[in-house]
Amino acid sequence: MSYGRTFPLWRDMAADWDAYTRAPFLAALADGSLPHATFHDYLAQDYRFLIHFSRAWGLGVAKAGSPAEMRACARMVHALMDTELSLHVDLCGKAGIPEAALIATEECAGTLAYTRFVMDAGYSGGFLDLLAALAPCIFGYGEVGARLMAGRYAPAYAPWIEAYGGAEYQDLCRSMAALLDRAVTDRLGDTPAAVPVWRDLGRTFATATTLEAGFWPRLG
Amino acid sequence: MSYGRTFPLWRDMAADWDAYTRAPFLAALADGSLPHATFHDYLAQDYRFLIHFSRAWGLGVAKAGSPAEMRACARMVHALMDTELSLHVDLCGKAGIPEAALIATEECAGTLAYTRFVMDAGYSGGFLDLLAALAPCIFGYGEVGARLMAGRYAPAYAPWIEAYGGAEYQDLCRSMAALLDRAVTDRLGDTPAAVPVWRDLGRTFATATTLEAGFWPRLG
Amino acid sequence: MSYGRTFPLWRDMAADWDAYTRAPFLAALADGSLPHATFHDYLAQDYRFLIHFSRAWGLGVAKAGSPAEMRACARMVHALMDTELSLHVDLCGKAGIPEAALIATEECAGTLAYTRFVMDAGYSGGFLDLLAALAPCIFGYGEVGARLMAGRYAPAYAPWIEAYGGAEYQDLCRSMAALLDRAVTDRLGDTPAAVPVWRDLGRTFATATTLEAGFWPRLG
Amino acid sequence: MSYGRTFPLWRDMAADWDAYTRAPFLAALADGSLPHATFHDYLAQDYRFLIHFSRAWGLGVAKAGSPAEMRACARMVHALMDTELSLHVDLCGKAGIPEAALIATEECAGTLAYTRFVMDAGYSGGFLDLLAALAPCIFGYGEVGARLMAGRYAPAYAPWIEAYGGAEYQDLCRSMAALLDRAVTDRLGDTPAAVPVWRDLGRTFATATTLEAGFWPRLG
């Protein structure tokens, strides 16, 4: 599960990758022991998160270097706003949380920290800085979904696991990997790790990973 | 042909509205006397223009104030990148200009001035500033297309006239008007012209109109 | 201690104003019971905070609407980078923390959340949105400094109290109030609270206040 | 007159460098044959230009990668707003153009094109993209000033020639060169021309050069 060339190299630079992708929250989600209230809190924050994440991909359209990059970012906005966000609202609806409640949820500090970090990385940096801040979310959920779905999991949160472990989301991860690898090569060449900005990009990826780790609700 | 409430008020503040929408270029386009080479130069610059215009709507996704505004901006990116740009490439292809030639065309000063003015208005201001800079293009082409199509026109440039005068583009103008009117009311209330920023928005619209007027290739 | 017209109105819209300006951290700072290690942690984070805060005022130069606003923002960058940051380094030096240690300090989630919230509010919104995000920091420290300095306080943290309660910082608060009041009037007129964006600005101020409240280190 | 390592390499990539730095306007300025009205038109546009240029350096503060870069950008804002702009107003005052007239001057298309290109390059790209767009102005005026001052020149426009050829402005060029060279090395290493983004930076520099060439008023 490497999703291209760039991601595994950045992942190695992120001290909190396991804290993020192997959080107690995820074990509890897989074995079904996660309290429903905790899951709902997570979903409500994730709804707010997805809004800002879509904004970040919109910014990607503005910062892209070619029509192909612009189209790839626009597809991500579409996938998030028209597919993922709708699924989210459905999932919440089944759990008894109406969309109005999602919209009214106050963002917690963890959501604010991660989403605004992504936006600032994008606005203050260039296209690669934006991708480096977005990458941990895309690929981390892909890794988690694939790993949980490959094992045994309780039915309680199966729709979530199957959404991220399923073919559609895994395809999206591979598209993102292709976009990222191409964007890196176009700007930094074939040995990007030899260019000093690589270290800055890795640091952005690592900070975003830490903030993702902090995004999971704490368990009792 | 008013396209909502806000546009006609801003149009009245733009001294160059007629210089833009009743330019000699357009009369020559309607009566078929426009030299093909001039039209091709225009198309090649307009291709570059559309790229930046799509970037601006991507920025709109990032700057929007609600999911509904985000979706409206994302639809514009989609309409521009996946419909208008493709039609453009087709139109150019029929005129003997391959897409590679479009991409290789250097932006002229007029294209640079208008597109970068839009981007800076959006980045430096808020969502309404961005819309004010984008509005003259959307609505001006709508007015021009509708007016030319309602009259007699030579077959030479009929596809262009019918593209902007046709139902699909006119619908897009009405969607944009709804987005704009709602965005204005949400931010400035029911008497927006009484709020001082109205004057700044009108000035942004007026400058963008002047730059549009300068975008048409000069005749003979 | 009202610092102009706009600030007290926004302060009334911020539920966490007291949680921020009357935090236990501040009582402990005044009576000298605050552990030195806690104060040093705070200073190290505040150093990082000031860097981003300076960046935000630099962005203010880019987003300002007049030479006078640009100059006011530039003066804030200067005050922060050349005065406050230097004093900070001095204060830390006396406390045994060299500047290299400050630079090497990892930003904690609270610092990330507040600073990036400010940057995104500025980049995604207009000049007033940026000011609304910056205001709680400026005026809150002014209120706290003036109140603590007017009462009895232990010598342990007297330099900090006297820095924010002293004439120079209080003058800076009044300059900021003049800039803010004028910027509001220029854009929203004489009854700004009647314009719908007022509510959005108040919400930005309130969120920034909440993030400031979360910025103080927790006590034992 | 090389002003560091990066500038001469970028200059070689800018086809219009001579069109810019050896424009007929400059020959007429040196031999005193330039009509006063033309010079005044230029000064009025340049006033507007300097405002946006200052905004761009403010954006540089927000996009910088270190306190040292932030301070260098802040010094440029200060030099432009508090020194160059004031000198400009003086020069115009002596020429009978009051500051109110400068502020009221409409920006012409050339001013709009160059200034907004710089802002968009900065907002959409990273710190180096911003510097690449700003560099032709700084170094070009430095080259022109030094060359004209080293030759014979009529007294009519001597203050302008001596302002840009003089020690203070030449020092500023060398500071900018040091900032640029260091920023390039920190991000792209010791062989930056081998990194693909180098080509994009050179293209940004070349476009800005072309827009500078178009900024001089045309002669009779």
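In order of appearance the chains are A, B, C and D, and numbering begins at 1 in each one.
Definition applied: contacts are C-beta pairs under 8 Å (C-beta built on N, C-alpha and C of every residue); 3 or more make two chains touch, one makes a residue touch a chain.
This is a predicted model, so every value here is computed, not measured.
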Notebook entry, point to check: Among all the other chains, which ones are in touch with both subunit A and subunit B?
Noted result: C, D
Checklist line | Farthest-lying chain, centroid of Cα atoms versus that of subunit A | finding: D
Item checked: Inter-centroid spacing, subunit D versus subunit C (mean Cα positions, whole Å) -> 35
Next item on the list: Round to the nearest whole Å and give the separation of the Cα centres of subunit A and subunit C.
Entry: 31
Notebook entry, point to check: Distance from the CA centroid of subunit B to that of subunit C, rounded to the nearest Å?
Noted result: 42
Notebook entry, point to check: Do you know which subunit B residues sit against two or more other chains?
Noted result: 55, 62-63, 119, 123-124
Item checked: Partner subunit D, residues of subunit A touching it in the complex -> 62-63, 65, 123-126, 129, 185-189, 194-197, 200
Margin query: Considering only the defined contacts, which subunit A positions touch subunit C in the complex?
Written below: 55, 107, 109-110, 112-113, 115-117, 119-120, 123-124, 207, 211, 214
Check: What does subunit C use to touch subunit D in their complex?
Finding: 51, 54-64, 67, 70-71, 73-74, 77-78, 81-82, 85, 119
